[in-house]
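Please go over the structures that come below.
Two complexes, one shared chain (chain A), two partners (chain B, chain C).
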Partner chain A sequence: MIPSREIFWNVGSQQGAVYLVALMSVAIASIGLLQHIKGWRKGRKEKIFDQAGNRLKYFFRFLLSHERIRKDTYAGVMHLFIFWGFVVLFLGTLIIAFQEDLLLPFFGRKVLEGNFYLIYSLVLDLFGLLAIVGVGLALYRRYVLQPEKLDNKPSDLILLCLILFILVSGFCVEGFRLNVSNPQWALWEPVGWLFGTIFNVLGIATSTQRGLHKIIWWLHLIASMGLIAYFPFSNLFHVVSSSLNVFFRSLKPSGALVPIDIQEGEQFGVAHIQDFTWKDLLDLDACTRCGRCQENCPAAISGKPLNPKKVIQDLRTFLQPFSHNGVPLVSNIVSEAELWACTTCRACMEVCPVFVEHLNKIIEMRRHSVLTESKFPSEYKQVFKNLEIFGDTLGKGKLFREDWASNLTIDRVYQQNDTGLLFWVGCMSALYDERSKNTPIAAAKILEKAGLDFGILGEEELCCGDAARRMGNEYLFQHLAKKNIEVFRKYKIKKVVTHCPHCFNTFKNEYAQFGADIEVVHFMELIVTLLREGKLNVKSKIDDIFTYHDPCYLGRHNSIYMEPREILGLILNSDMKEMDSFRDKSFCCGAGGGNMWRAAVTGRRIEGLRVEEAVKTDASGIITSCPFCEIMFDSAVKQKGLEYSFRLMDIIELVNRVT
Partner chain B sequence: MKIIVCAKRVGHAYHSSTVDLSTGHIDPGKMVFMLNPYDEIAVEEAIRIKEHISDCEIILITLGIFEAEETLRYAFAMGGRRINRMIRINYESFDPWETALALSNVIKKIGFDIILCGEKAIDDNCSQVGTFVAELLNIPQVSGIVKLDIVPQGKKTLVERYLGKGDREEMECCLPALFTVGKGLNDPRYPSLPNRILAEKMKIEEIDWIDLEFGSEEKALTKVTKFFSPKPKTRKMFTPDSSLSALERLNLMMSGSSSKKEGSTVLEGSANQLADHLVKFLVQNKFLSKEDK
Partner chain C sequence: MRLKPEGIWILEEHDDEGTKNITLELLSEGQKLARRLNEQLCVCLLGSQVGGCIPTLTQYGAEKIYLVEHELLSECSLDAYAFVLGELIKEYDPYILMMGATPSGSELAPRIAARFKLPCITEAKNITGQEENLQITKSAYNDQVYITIDPLARRPLIVTMPPGETDIIEPNKPREVEVIKKNVEIPADIMRTKRKRIIKGDPRTIRLEEADIIVSLGRGAGNESLPILQELADALGASIGGSRGAVDDGIIKFERQIGISGKTVTPRLLIACGISGAREFTAGMENSNLVAAVNIDQKARIFDYANLCIKGDLRMIIPQVIDKIQIAKQKREKGQVLGLDTKS
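Presenting the complex of A and B:
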């Protein structure tokens, strides 16, 4: 006897009803799908169909490897189980549909017979079991472990129970069928066989089992069709929205913000939901409420009012039908406290498994607030005016910009036109205080030791505009950027080295938007090259043990993680110590996004939390490579009374000391 | 109601190296230029008045070279459409009297109810132009106001002046009048981008110095004879009371000065009485000799 089975066994006469239910559920699902599409279409147009091949390739890699989802191991494994279980069960159902609705009626042939049927049964059974385990893990996590990042809604419970019911009822049906028809190949359907054995052990009569089979078969069918109908109205829709979001993910440099036209118009940034692009709205829909952003957000952790997940979910309410589009977002949907608490550290986007871009939404709303409404934290007015009048955030003025170099002999670019390399100092290092000047001094000495021909702009340097742009003042940013680019052109500058991650990011990723054609390297990249080429030699090593803080704009925004560790490996006698959160999970210093110029309103101080983390490693000091982080940590270290026991240094100072 | 705001573009010399020692002049390339912060407060106050009294016209006037238009546009951008006209008198003068002459000449032709000026300009710290303009127009003037309430029916205003050390003087002043505004009157807003764009498109009316009709008093009263850098100030060191213990003295030094400020007296009475008081004070303290009086 050839192994096979009759698909509509025991229920054959009511095939028509099956198709009717299926049709109905698909119709309901289509209505739901249309509503989602309608929601996305509220947004502005944006063309992002470039590199379709690459996008598709990455999409499949993403699905197959689950690499982003697996960053949270428990959730990753759970998702992997449910995902593959459902993929295989879905394919299995497709094969049945293919046979019953195409092959059998038109060609009178079957595929589900013989060895193929046996393997088919085995594979489907095993993956069904995998899915049950996955759903079990999910239920356990959501309702027993209850991690803080998850907010449980009734729909989550309905969905998980529905899925569990479909899976278990499927195996019940299989068990009853095996018991009644009793084929020789029952063991090829192991889970069904197990269920059947249990029913037999329970002593259910065969005739009763035949009746139960029919009832549960229908319940299984109705539940499955119900799931299809429920699909666009539940969190399960992430199968579509998140997949699309992964496909359409931003391929721009991760540190760059999108420029806006500031020449014309009455409205800038995002005031209402329809000012977002459709991709932004797809982002909102793609959010699965997994809470990883919330778990990693320095503002949320330190008790500030911002919670990235909540922002996304709050904005998402506009995608529902009958939502009122005219509501201004800032202060109605997203409070001002939430809006300005973001440090733009990008931790949320780094951990988001489905590439939701929280940051650009916050910046777009800030742009509206600053440019159109002229509303922002009161401390920022002075910063904006300083930038406009003096060209730096501190309001000191260009004449102080060369003070740090007064004891050094450094070429000024405006005196000698043929400088090979421009050393960009940045406002924070050149102007903040005596301590912050150590870094550029050390950097200049390293450049001299390596015998490089370099110059500084000195008085002709202006703020790079990063702070203004992150605070939403695009007008000021473009104003400064254009002036700086003009200076670059005037002195024919082609290569720039800087030690400030904020300047570095802005030059590298954003100045190209305004026609700059410069090669930008961070000082650490330069040091690594010099050390490798032997132009810089480590003469002695340092005995102290240090820990390294990854600045957000170097690490997450520009993926520079290896260089500092390579340098520290060369100049320290012992291994450096890593903090609990390091590399792409590094915890912000609290200065980004304009928060440096703002008094911490609520919650704990972010830099304080980071210094505590550093002290916990038992290292004798913290090394960083960002003037902003240094200033923040400096105050935190002093506040904790650790200034004589815990050291704080820039990696460049350390390198200068040993070479 | 017509409000006229006089705004000045000031050059701020923020660094000691801004004075070119060979010529004794300030190098404009080393200065920053901006709207005088006190005038900014005056512009803001005008905008706030218009927000409450809709039937209101705001006119900005500046006296300066072409570059001053940029500053004027910044002031315009603070108010946007609420500001009706911008006028630039094409002349730059270091003399307050000459400046006041030019301003009053133009203001007289436009007509006004309230004139708002900054208390002083942060570049020369003269604090005279406002007072001179009021004198030339023959209207009452209150200087350094920190509060301005307009009683629309009675065509009068209630103003407060800051007298120092927390004291405030409340006054009633009829309109038309001139007020010079002090810090603390309001917190000037930051211009929005649509208003900046609008400001770029707005026409600035230009009045040439020569077109102004001056009377016999047409003359600068002061002349700059010399620029020089001030001598470095002798630094006052704080020496705590030696009767205290060493620890207490150290604590005092670390917490900063504990020096007492001398109290001031507020003079009261009519203008004539006040003037008498002032002269007495000046003679007593040997600023004036009895013959001068």
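Presenting the complex of A and C:
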């Protein structure tokens, strides 16, 4: 006897009803799908069909490897089980449909017979079991472990129970069928066989089992079709929206914000939901409420009013039908406290498994607030004024920009025909205080030692504009950027090196938007090259044990993780110690996005939390490579009374000391 | 009337405590100028019962004093001042008239200039050049540019100079100088405004950026020191501010925070108590005129920013300072000059 089975066994005569139910559920699902599409279309147009091949390739890699989802191991495994379970079951159903609706009626042939049928049964059984385990894990996590990052809605429970019911009822049907028809290949359907055995042990009569089979078969069908109908109205829709979002993910440099035209129009940034692009709105829809952003957001962790997941979910309400588009977002949907608490550290985007871009939404709303409404934290007034009048955030003025070099014997202000490397000092190092000048002094000495031809702009340097841009003042940023680019052009500058991650990011990723054509390197990259080429030699090593803090704008925004560690490996005698959160999970110092100038009134200090983490490593000090982080940690270290026991240094100072 | 305008005039300004520092600064600057241009340094002393100021003025180099005393001049009515000053100019025809770029100086200078169609340069940094080709430099856009100005021939030239820019010279002994006492009748109808009353700002509630004296405290001071520091602040007429640490500890409110994430302040005097001087804090106060710091830690970074460093426990030191201030206040009420004993 050839192993096979009759598809509509025991229920055959009601085939028509099955198709009717299927049609209805598809119709309902289509209505839901259309509503989603209508929601996305509320946004502005944006063309992002570039590099379709690459996008597709990445999309499949993403699905197959689950690399981003697996970053949270439990959730990753759970998702992997459910995902593959469903994929295989879905494919299995497709094969049945292919056979019953195409092969059998038109060609009178079957595929589900013989060895193929046996393997088919085995595979489907095993993946079905996998899916059950996955759903079990999900239920356990959501309702027993209850991690704080998950908010449970009734729809989540309905969805999981529905899926579980479909899977279990499927196996029940299989068990009853095996018991009644009793084929010799029953063990090829092991889970169904197990269910059947249990029913037999329970002593259910065969005739009863035949009856139960019919009932549960129908329930299974209705539940399955119900799931299809429910699909666009539930979190399961992420299968579509998140997949699309992975495909359409931003391929721009991760540290760059999108420029806006500040010459035209009276409205800037995003005031209402329809001012976002359709991709932004797809982002909102793609959010699965997994809560990883919330779990990694320094503002949320330190008890500030901001929660990135909540922002996305709050904005998402506008995608629902009959939502009122005219509501201004800032202060109605996203409070000002939420809006300004973001340090733009990018931790949320780094961990988001489906590439939701929280940051640009927050910045767009800040732009609206600053440029259209002129509403921003009162402390920023002074910063903007300083930038407008003095060209630096501190209000010191260009006359003091060369002061740090006054004790150096080098006279290296750029002249018309200089061709060397431009060493960009930045306001925070050149102007903040005496301590801040140590870094550029050390940097200049390193450049001297390596015998590099370099110059500084001195009085012609202006703020790079990073702070202004992240604080939403795009107008001021573009003004500063254009002025700086003019100076670059004037001296025909080709290559810039800087030690400030904020200047670095802005030059590297954002100045090209305004026509700058410069090569930008961070000091870490330069030092590594110099050390490798032997132009810089480590003469002695440092005995102390340090830990390294990855600045957000060097690490997450520009993926420079390896260089500082390589340098520390060369100049420290013992291995450096890593903090609990490092590299792409590094915890912000709290200064970014304008928060340097803003007092956080609620919650704990972000820099304080980070210093606590550093102290926990038992290192004797914390090394960073960002002037902002250094200033933030300084006050945190003092506040904890560790002023004299815990050291705080820029990696460049250390390198200068040992070379 | 003489043929050529002559004399460098300085308009004196005073308050209840006597001649203001701006006048002494102008005298210091004026002395150098007078010597170079070979002119006489004269002071216009206008007010009611201001004769007592004469010795001080002579100490700082005044060679001639035009004294006009009138009861209407006591109310700081600029109408009266402008009228009297105009009468003096008409009669004596000075070469240069210098005033402080203070609120009243800044208002008087253009009034006089408009009345006699004279050249007027406000907020000047310095005056260079010789008699016929004087040059005045002034700053613009917050010292981002300096402008040099040639005043055209008409004299007197009216110049105002901002306070706090010139070092005051060492005083000499008072000497006898020529005092020209004028009686000027002020017609009642020139008075267009009248001052009714003065409402003093409460240092406890004014905005920190506007405070003249600030007593600031850090986490080193602790909650228990707040009353005594408030007492010090009240004695000095100062406002209370603090570091981020103090705000975090709930000692003071956020509105009173000094630092890069709080307020940037530039008071005449800042007293830092129990503040170690995190970079966050010092960035908000480094432009204070005078800084006194009290800290038990000799290595505290705040001492790098202080003019007066006191190592010790503020609970021991501050009460003594308060006592000294009270004594000084009592003395002043008896008519003696206030002088903070820095050794305490």
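Definition applied: the second predicted complex is superposed on the first by the 651 of 659 C-alpha atoms of A that agree within 3 Å, B and C clash if a C-alpha of one lies under 4 Å from a C-alpha of the other, contacts with A are read in each partner's own complex, and residues count from 1 in each chain.
In the analysis below, contacts are C-beta pairs under 8 Å (C-beta built on N, C-alpha and C of every residue); 3 or more make two chains touch, one makes a residue touch a chain.
Predicted model, so just to flag it, every value in this text is computed and none were measured.
Trainee: Looking at the combined model built on chain A, do chain B and chain C fit side by side or clash?
Mentor: Aligned on chain A, chain C clashes with chain B.
Trainee: Thinking of the overlay built on chain A, is A:Gly397 touched by chain B (first), by chain C (second), by both, or by neither?
Mentor: Both partners.
Trainee: Of the partners chain B and chain C, which touch A:Tyr475 in the superposed model: first, second, both, neither?
Mentor: Touch partner of A:Tyr475: chain B, not chain C.
Trainee: Scan A:Met596 for contacts with chain B and chain C and give back first, second, both or neither.
Mentor: Second partner only.
Trainee: Once the two complexes are aligned on chain A, which partner has more residues of chain A within touching range, chain B or chain C?
Mentor: When the residues of chain A touched by each partner are counted, C comes out ahead.
Trainee: Using the superposition on chain A described above, determine whether A:Arg435 touches chain B (first), chain C (second), both, or neither.
Mentor: Touch partner of A:Arg435: chain C, not chain B.
Trainee: Is A:Glu379 contacted by the first partner chain B, the second partner chain C, both or neither?
Mentor: A:Glu379 sits against chain C, while chain B stays out of touch.
Trainee: Would you check which partner chain A:Ile389 touches, where first means chain B only, second means chain C only, and both and neither mean what they say?
Mentor: Touch partners of A:Ile389: chain B and chain C.
Trainee: Which holds for A:Ser635: it touches chain B only (first), chain C only (second), both, or neither?
Mentor: Touch status of A:Ser635: second partner only.
Trainee: Contact-wise, after the overlay, does A:Glu533 reach chain B, chain C, both or neither (first, second, both, neither)?
Mentor: neither
Trainee: Of the listed segments of chain C (24-32, 42-50 or 204-212), which one clashes with chain B in the superposed model?
Mentor: So the stretch of chain C that bumps into chain B is 42-50.
Trainee: Taking the two structures together, which residues of chain A meet both chain B and chain C?
Mentor: Shared contact residues on chain A: 389-390, 397, 399.
Trainee: Quick one: in the complex, what on chain B touches chain A?
Mentor: Touching chain A from chain B are residues 12, 14-15, 17-18, 30, 32-34, 187, 189-194, 196-197.
Trainee: Within their complex, state which residues of chain A touch chain B.
Mentor: By the definition above, chain A touches chain B via 262-268, 371-374, 376, 378, 381, 384-385, 389-390, 396-397, 399-400, 475.
Trainee: Could you please specify the touching residues of chain C with respect to chain A in the complex?
Mentor: Against chain A, the touching part of chain C is residues 141-144, 219, 244-245, 247-248, 254, 257, 259-262, 264, 276, 278-283, 286, 299, 304.
Trainee: Note which residues of chain A are touching chain C in the complex, please.
Mentor: 379, 382, 389-390, 394-395, 397-399, 432-436, 595-601, 605, 631-632, 634-635, 638-639, 643-644
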